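Some structures to go through are shown next.
You will see chain A twice below: alongside chain B first, and alongside chain C after that.
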Partner chain A sequence: MKLKLICIAIVALMIFIVTLFIGPRLISPFGMTGIEKQILFSIRLPRVIISVLMGMALGASGAVLQGILRNPLADPYILGISSGAALVAAAGIITGVSFFGVFTIPVLAFTGALITGIFVGAMGWKRGGFWPDRLLLAGVGLGFLFSALLMLIMSLSSNEGLKRATLWIFGDLSIADWSLIPYGFIFIVVGLGISMFRSKALNSLILGDDLSHSLGFSPKKERFILFISVGLMTAASVSLGGMIGFIGLLVPHIGRFMIGSDSRILIPVSALGGGVLLCIADLIGKSVLSPMELPAGIITAILGAPYFLYILRKKDVLSF
Partner chain B sequence: MTEIVFAAGLGDNIVGVTSYCDYPEEALSKPKIGGMSNPSLEAVVLLKPDIVIMTTNGNSKEFEMRLRAMKIKTYVFESRTIVQLPDGIRLLGEAIDEQERFDLLASDIENRLNELRARKQATSKKVLFMIWPEPLMVAGPGTAIDDAIDLLGAINIAEDTNIQYPKYSIEEIVRRSPDIIFIGKATGMDMQGTSSGLLSRLSYLPAVKNNKVYFVSDNLYRLGPRVIPGIEELAEYLEGSEDSMVRGENNSLLKK
Partner chain C sequence: MNILDFDKVSFSYEKDRSFIRDLSLSMKNREFIGLLGANGSGKSTILKLASGILKSAQGKINLWGKEIDSYGHRDRAKLLSYLPQLLDVSIPFTVKEFVSMGQYPYDAKPELTVEDAIEMVGLTDYTKSFITNLSGGERRRVYIAMTLLQGAGLVLLDEPLANLDIKYQIELLRLLKELREKRDITVLMALHDINIASQFDRLLLIKEGRMLGSGTPHEILTKKMLNNAFDIDIEMQHEETGGIYIRY
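So, the complex of A and B:
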């Protein structure tokens, strides 16, 4: 199993490197011109890093969330985190907040995402712990409320800038910039670290609280810790590049089809799978209609969904 | 549309406008009938207009059908480019029986366009007009902005896309390296602040390095009489960048 994981990691790394050099126009790694170097280091590299980070965060948090909520339809955005991020960002733009300079929108989005996460957590908390169904419903409910409020702001405002400024929430990697990477990196690595560290506990949670308890874990505590890791990863990924669909929901399922549902391997595989998929999707999105760009979120779904449906038909046992 | 009718001196006859009609100022106090693409039929009917003037660039065909079905006289303005604008205005004048006023306006625009054509640059500069920096949206073909750039003898580096306001590749901007970058204003937004992130990432571009980034008005965002001052504005910067950079200094972001 370890070997399989290492192989997947190496393949993923190779894909990341290759996507750096191919793009709307090929850059040869040997004999780059000055301008090509600029493009490679200040435009392509940060963008690839951000798509990898976002894809990893989404893939891993999908795998974790489906486990702690014991629901195969859970995806990181189901907790309403992205709607909260968009709402706070839009509200900030309207009121003219700008004390973080270029970071204003990412910081607002991250704050919104965290507040929503805490809110959903508080709503899903009863008798000393999280209740999966409560969490899920609280997330869906808040998500609806926040998107309705966002729509309200948008339709009441004749502010054209606001409409354009909030477009990024629907998934936009072109805003990728070096300055954001360290922050995103810290939150995503911490979240990923926590979830991998607690992956054994996640395995037990999937079996049910009673079994988890008898295996020596405290289901309430584990669910809490894992929820925090998901919140961190999702909030960071939304503030890096908005919402990218499909990855959080379906990449963990593809991972389960391929390597089974042991979370110890599923989490890293979903993370790598998410990173690879988003990276390739973005490459296609910026290349097919060059010099125009298509949002990566469209491509992830167009690429991923048929493959997902294909394996869904091929496998006769669903391993959730 | 509202702007054209106001410019022809018939502002007082307007009984209702959309929520997008924010110029001239008097338009703001007119009753609103809803948005550009989703006006309220009820509101229009209640205002009992003699004629509803629509445009193919923004209003929906369905709405026109519904108005006609309700026997409300409707005129659709079809000009899409600056060149077509004067004739469009004349046709509109015919449609509402105010030929004289509208012919006057049309000829005035035509004359001033010809004057502007004379200011065409000998060397064709490469221009990029940004509508919004992040996510990056630029003015493509079929917009009044593209027409204006063309009329002044410059080249819009985004003219090879096939939509009006494409989401453009930053990489391609670096490769095509525009001589001048214009950034249009958006209501209620501080464009200098909003653009500073993108511009600092593009700081190695000659246009950015040499302070050839200009923040301009939204005069060219709508096809109407204001395209004239809009073109003049671009012309000034195009000419200004010819001899010195002084002119742009107050306007340029990187002056510090």
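So, the complex of A and C:
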């Protein structure tokens, strides 16, 4: 198992490095020109770092949420957090506000995500703890409302911001910038750290609250802590580059196929898998129709879904 | 010292409607006790109160002489393990991954290994199988292996024999009795099979959240007691060999 994990980490690192040098313009790591150095350090490196951070956050959040909600169909967007972020950010893009310069859209998205997360949490709270079904239904209900409001805003809008908002909603990494990285990094690393630190408790929650209690955990407290970690990671991810589909739902299942369901290993593997997939998807999205860019979220789904369907057919690993 | 004490415990799921009323019971080390009663009589609620999942509205519940809520979660898990009646899991853990969770309350590896626990329930050939692909009875044996690995002195089991065929019912009862001899465990088990009930040291007969009777199987498995507890007219046949059978 350790060897498998080391291999996955090495392959992931190699892919991250390779994606820096290939793209619409191939860069040789040996003997770079001044312009190539500028492209590498000012454009590609922050973009790769952001796609890795976002992919890691989504992959890990999916693994955690499927556990705390005891639902293999859960993903980070099911709690409505991303719909709240998208609504506020799209409204900002369309109206053209720029309170915080380059940070305006990320700040708006993070605020929308945070408010939605708190609201969903409050709705899912009963008798001193989160109830998985209540959280899920509150998230789905709020998600529908926000999606409808988003469509309403977009259908009433006719300005140039509309296309940008549409791109952003499907995952737009073209706004990647060094200045965004420290903020996203802090929230995602803290969220990932919390969920890895509480991974034994997450395993116990998958068995149900009564067994979690019997194994020496407080299921209400653990679910609350893990919900906070998912909220931080999802909000940070959406604010860095919009909504990326597929990763949060299916990467944890691919991880289970590769290394099993133990959350202590599944969370880091899902994080690495999410990072790798988004990195590759972004590379393809910006290269195939260059200079036009395709949203990374569309590529992740086109790439990942057939592979997922293949393993679904080949391996009897899923229970649904 | 008693392992578990209920002192006039009351509990209600709804306001103004007591479900468990003034229940007192005590368990001594190495006792093998069956909790018998009709559906909805309160057997599962008593086990959840004993495990600390539910909090009593009135009365005290002591574990090894100390109030159950005074223990930290991990410390309590080293003394007491509870296996609920409804077992469902939708994430495909392998049998080994699942059973190894029994080690969670401990920092160091317990005496019993994961492989030993799996072998005890006869699932060695399924170690790498996904629990989601096992039959109901096999899954229950996986849960029991995890409970055994947890190694607590008091084991609370809610209908653990459900979905098990007669071979595994008998093997589980034998295994628990063997563990009592080797590891001094105390067992409180909810059940509703009266034929199995004769295998216990002591039976607690529950009706509508109250204790109807406590005693040996010969004292409890009588026509009068059971007709009262289950609201049905049945005959009991006690044989000289010790067997007790139900006739209807």
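Criterion: the second predicted complex is superposed on the first by the 296 of 320 C-alpha atoms of A that agree within 3 Å, B and C clash if a C-alpha of one lies under 4 Å from a C-alpha of the other, contacts with A are read in each partner's own complex, and residues count from 1 in each chain.
Note that in this section a residue touches a chain if its C-beta (ideal position, glycine included) is under 8 Å from a C-beta of that chain, and two chains touch if they have at least 3 such contacts.
Not measured: the values here are computed from a predicted model.
Judged by the number of chain A residues each one touches, B leads among chain B and chain C. In the superposed model, A:Ile206 makes contact with chain C only, not with chain B. Once the two complexes are laid over each other on the shared chain, residue contacts for A:Pro72 go to chain C alone; chain B is not touched.
With both structures placed on the common chain, the touch criterion links A:Thr111 to neither chain B nor chain C. After overlaying the two complexes on the shared chain, residue contacts for A:Pro24 are found with chain B alone; chain C is out of touch. Touch criterion met: A:Leu215 reaches chain C, while chain B stays clear of it. Shared-chain residue A:Val102: touches chain B; no touch with chain C. By the touch criterion defined above, A:Ser261 lies against chain C but remains apart from chain B after alignment on the C-alpha atoms of chain A. Chain A has no residue lying at the interface with chain B in one structure and with chain C in the other.
Taken in their complex, chain A has these residues touching chain B: 23-25, 35, 38-39, 42-44, 93-94, 96, 98, 101-102, 105, 157-162, 164-165, 167-168, 172, 174-175, 177, 286, 290-295.
Remark: chain A residues 66-67, 70-72, 200, 203-204, 206-211, 213-218, 256, 260-262, 316-320 touch chain C in the complex.
Listing the residues of chain B that touch chain A in their complex gives 19-20, 22, 131-132, 134-137, 158, 160-161, 163, 166-172, 174-175, 177, 186-191, 193-194, 196-197, 200-201, 204. Of all residues in chain C, those touching chain A in their complex are 48, 51-53, 73-74, 76-78, 80-84, 86-94, 97, 101-102, 104-105, 130, 132-133, 143, 147, 150.
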